[in-house]
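Before any comments, here is the structure.
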């Protein structure tokens, strides 16, 4: 852990239990500016659960998540202004066009964008010409690309991405890798999960979640 | 195209149009026994649409799909007895246990399996011990593994798999690769799509779907 | 082939039993709606009695309508419907299994609880068997016709109210004859005609509706 | 902050206008259900008139109930709700925008068409303004209370009937006062009391229900 | 013989051919409709004597009755062409079916409105729950259902087939609905004794009525062809023949 960076997100002794299974215990994560962190772990090890806790969407069974040193449930406004989360789900309305989808995603972050900016972002993610196509007429990969454009425009310093490579083709993967590198170079940080090795040409740390076997259910220490 | 094999699935001049876009035209595919075919193509090129046409779930705008030389809509019974399709969707009921899910999937194919067989398959896909867990308490990767177990038990000679690597971790990917090789060695054939390079230690052909640009919409030849 | 039928039937019943809260729901909805009416009008015994056939039948109809989603929606959303359509077994048979499961889970409970509601609504005791009989003949038709409606709308997002638009007009003959039978019975007249009609419609829809449903599924499920 | 409100309102209205078929649906459902009753009873003018307040109010209530899904279900399913909850804007405000959109799309059309249905049900002409007024005060409350119910059940698969179970009992006071106002007005008496009550309930739920909804959303969305 | 007919059907049902032929037919139908309307209205409004009971108000019959007839006729036509589309996969038949629906709904609506306007002086109420009125209302809902389904499904081909199936199911139900509603009313002679018996109509009233009915039929034919032509053009907007057509403009 380099302390040279400013600390952005950190956790204190996080515990997560689901359905009587202890997924992780006493997890301490620290993420500074311009850092990239991969959460690793086999299927069912709790990556999605962890990311949702980091966002504040899920309550940890114990422990706290801190944004710049303060509990995220207390500093919700600042935290949410600075963070974007993209999970498994598409967040896309089939009845809205590509552009409208991006706009309403930006609205949730109180960001507005000029038509030109949006066009640029769409071109960058390979959706140029699809501005006015209703999203339900897009393939699964094309829909994921809308989210990449949103990410570009969202102007957030922390990205939390759950399996962002889902449905992306080879060029899509390369694009996202480049986006992450650029974001890091601009001082932003990223937390992500993926099962499909990303080749990031930059420094990257990782945290592994181990599978606690089903039988081994001694949860006494985690006083849930 | 080697004619040494018995022909299993073939298509005649398939055409697919979606929302005014010509996805592919005059597509001829031939798949013999013990052959593995990958459908390649960027996001939105029509892989999913093609696979659903091959299954008979979607009507081609033109052309036919043949199973052992006969139109699949005519030889539906034989075709469906011999084929399994696994698409983007989970096909899993959260309220049923792992074992019940597998059983009800097998029921649709009029296959029944002894408890021992199911146990074996579950162990093989890494879900040993999860027989009686309701599937809603599984992670996304674990749910996909149920489908792998189904595939093992389904006793079909043709597998049609759309993005089968979705949500699988590294060991899951290796497992599926091995399953495909074994299936082929036993004389079965496989058609699949994936964006995440599979390393198959066996012979494999591939068909590429190109993106027909949006502007280029002369569909007259495809007399739909 | 019979196996395919019974396995699917059992699967659907089991799923419903697992989600136990859901099992009782159409029933509770039925009871709730019936009891809304006395709250909303000045409930003199005569008015209640006159309204009873209408209220009971309309509420039963709405309870079935609201539960129709259960027939195919989830199977469509999670892809199980694709698997059913890729089954080597005849789709009509599978449809029939699902409709039967639906009726056992919604129609039948309504039939069984209707005597209680009739008492609520001041219906004379000797009319009660007619209520039960008319619902017994009528509710399966509601499930059968409903199945056509759901299969046509299953691919439509938030198709709930669209479904009622399609299905309610088709329900009207059953409503008229079902409610009318109760009404006539309360006047002490014979209800043979109504019952024959309901039985005939049941026979007709039993033979035609599953076929139409299977065709509709093949059409709409081709996403 | 007001931007966040209006943008969300506009987005929801736009989504509804895109799915045009869906726009008219609660309305058509309302009309259909109201017209089921005369088909199910012997429609003498007196009976119709006596049933009218109950039938109109119960049908309006059911139409709103069925459209409640529209409030959060889709947003939950596609993950948009997560994004709303990760918004730096106050969740209460966003909830209010969604509820307002819902009322504009369902409650208001019901209010506007109610005079026609009153004519169908043989209601005397001078009672019609009371029907409109009672619905105008009552339907927003239905949306507001409904929002709490949906936010509690949104994570439950096929929660449709569960929702009605939670919400219908809460609707009963509005139903009683709304229907009663019409009834009393038809007898030529003053309905001030009923209207004050409806207005008071509206004020109360306008201030409390969005908060409760926001809390409920935070609870259920933590999957 | 049969194959000849089949061939003819196929040529006629090709969008391009249909577009041309229909374009030629429309003016004739329209002119016929207009002429018959003028003639019928003249006979009906000025020549036919006033009714001895209803005075002049009965003259609304010349709109009301043909509209009511058309609403039934069009539903059947719609179901027939939907089944042709479904069974023989003729796209034009689907186009005709979906072009007919709004017209049929409009006629049903006209019948309802004119009927209830007439009802006010006749029965003192705009609406009574009479059998014929009720089944016309249900017919309107059947049309709405068809149209709603058609517009709810995105994929054109799926929408055509699904709503076509609904039209067929509906047409099986129309007689059932009709008779059940009729029986329901006769079983209960309630207080609303609506004297709605067939008025034994005078020839001088009958002739304009028949003229108007024929005029409405021609009007429907013209309108459905116009709508179908637009629809064909829209659906084939990316085809060469349409683009050539546009270039000629």
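By letter and in written order, the chains are A, B, C, D and E; residue numbering begins at 1 in each of them.
One rule holds in what follows: a residue touches a chain if its C-beta (ideal position, glycine included) is under 8 Å from a C-beta of that chain, and two chains touch if they have at least 3 such contacts.
This is a predicted model, so every value here is computed, not measured.
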{"item": "Relative to chain A, chain with the most remote C-alpha centre", "value": "E"}
{"item": "Pair exhibiting more inter-chain C-beta contacts, A-D or D-E", "value": "A-D"}
{"item": "Length of the line joining the C-alpha centres of chain C and chain E, rounded to whole Å", "value": "32"}
{"item": "Length of the line joining the C-alpha centres of chain B and chain D, rounded to whole Å", "value": "45"}
{"item": "Chain centre separation in whole Å, for chain E relative to chain B (CA means)", "value": "47"}
{"item": "Two or more partner chains touched - positions in chain D", "value": "19, 21-22, 25, 28, 32, 39, 42, 74, 157"}
{"item": "Sequence positions of chain E contacting 2 or more other chains", "value": "141, 144, 148-149, 152, 181, 184, 188"}
{"item": "Multi-partner residues of chain A (each touching 2 or more other chains)", "value": "88, 95, 137"}
{"item": "Chain A residues within the chain B interface of the complex", "value": "18-19, 41-46, 48, 88, 126, 129, 137-142, 144-145, 163, 165-173, 195-196, 214-215"}
{"item": "Residue ranges of chain D in contact with chain A within the complex", "value": "3-4, 7-8, 11, 14-15, 18-19, 74, 77-80, 82-89, 221-223"}
{"item": "Complex contacts: residues of chain A adjacent to chain D", "value": "52, 55-59, 76-78, 80-81, 83-85, 87-93, 95-96, 100, 104-105, 107-110, 134"}
{"item": "Complex contact set, residues of chain C against chain E", "value": "148, 152-153, 155-156, 159, 162, 165-166, 168-170, 172-173, 176-177, 180, 183-184, 197, 201, 208, 212, 215-216, 219-220, 222-223"}
{"item": "For the chain C and chain D complex, residues of the former touching the latter", "value": "19, 21-22, 25-26, 28-29, 32-33, 36-37, 39-42, 47, 50-51, 53-55, 57-58, 61-62, 66-67, 69-70, 73-74, 156-158, 160-162, 164-165, 168-169, 172, 175-176, 179-180, 183"}
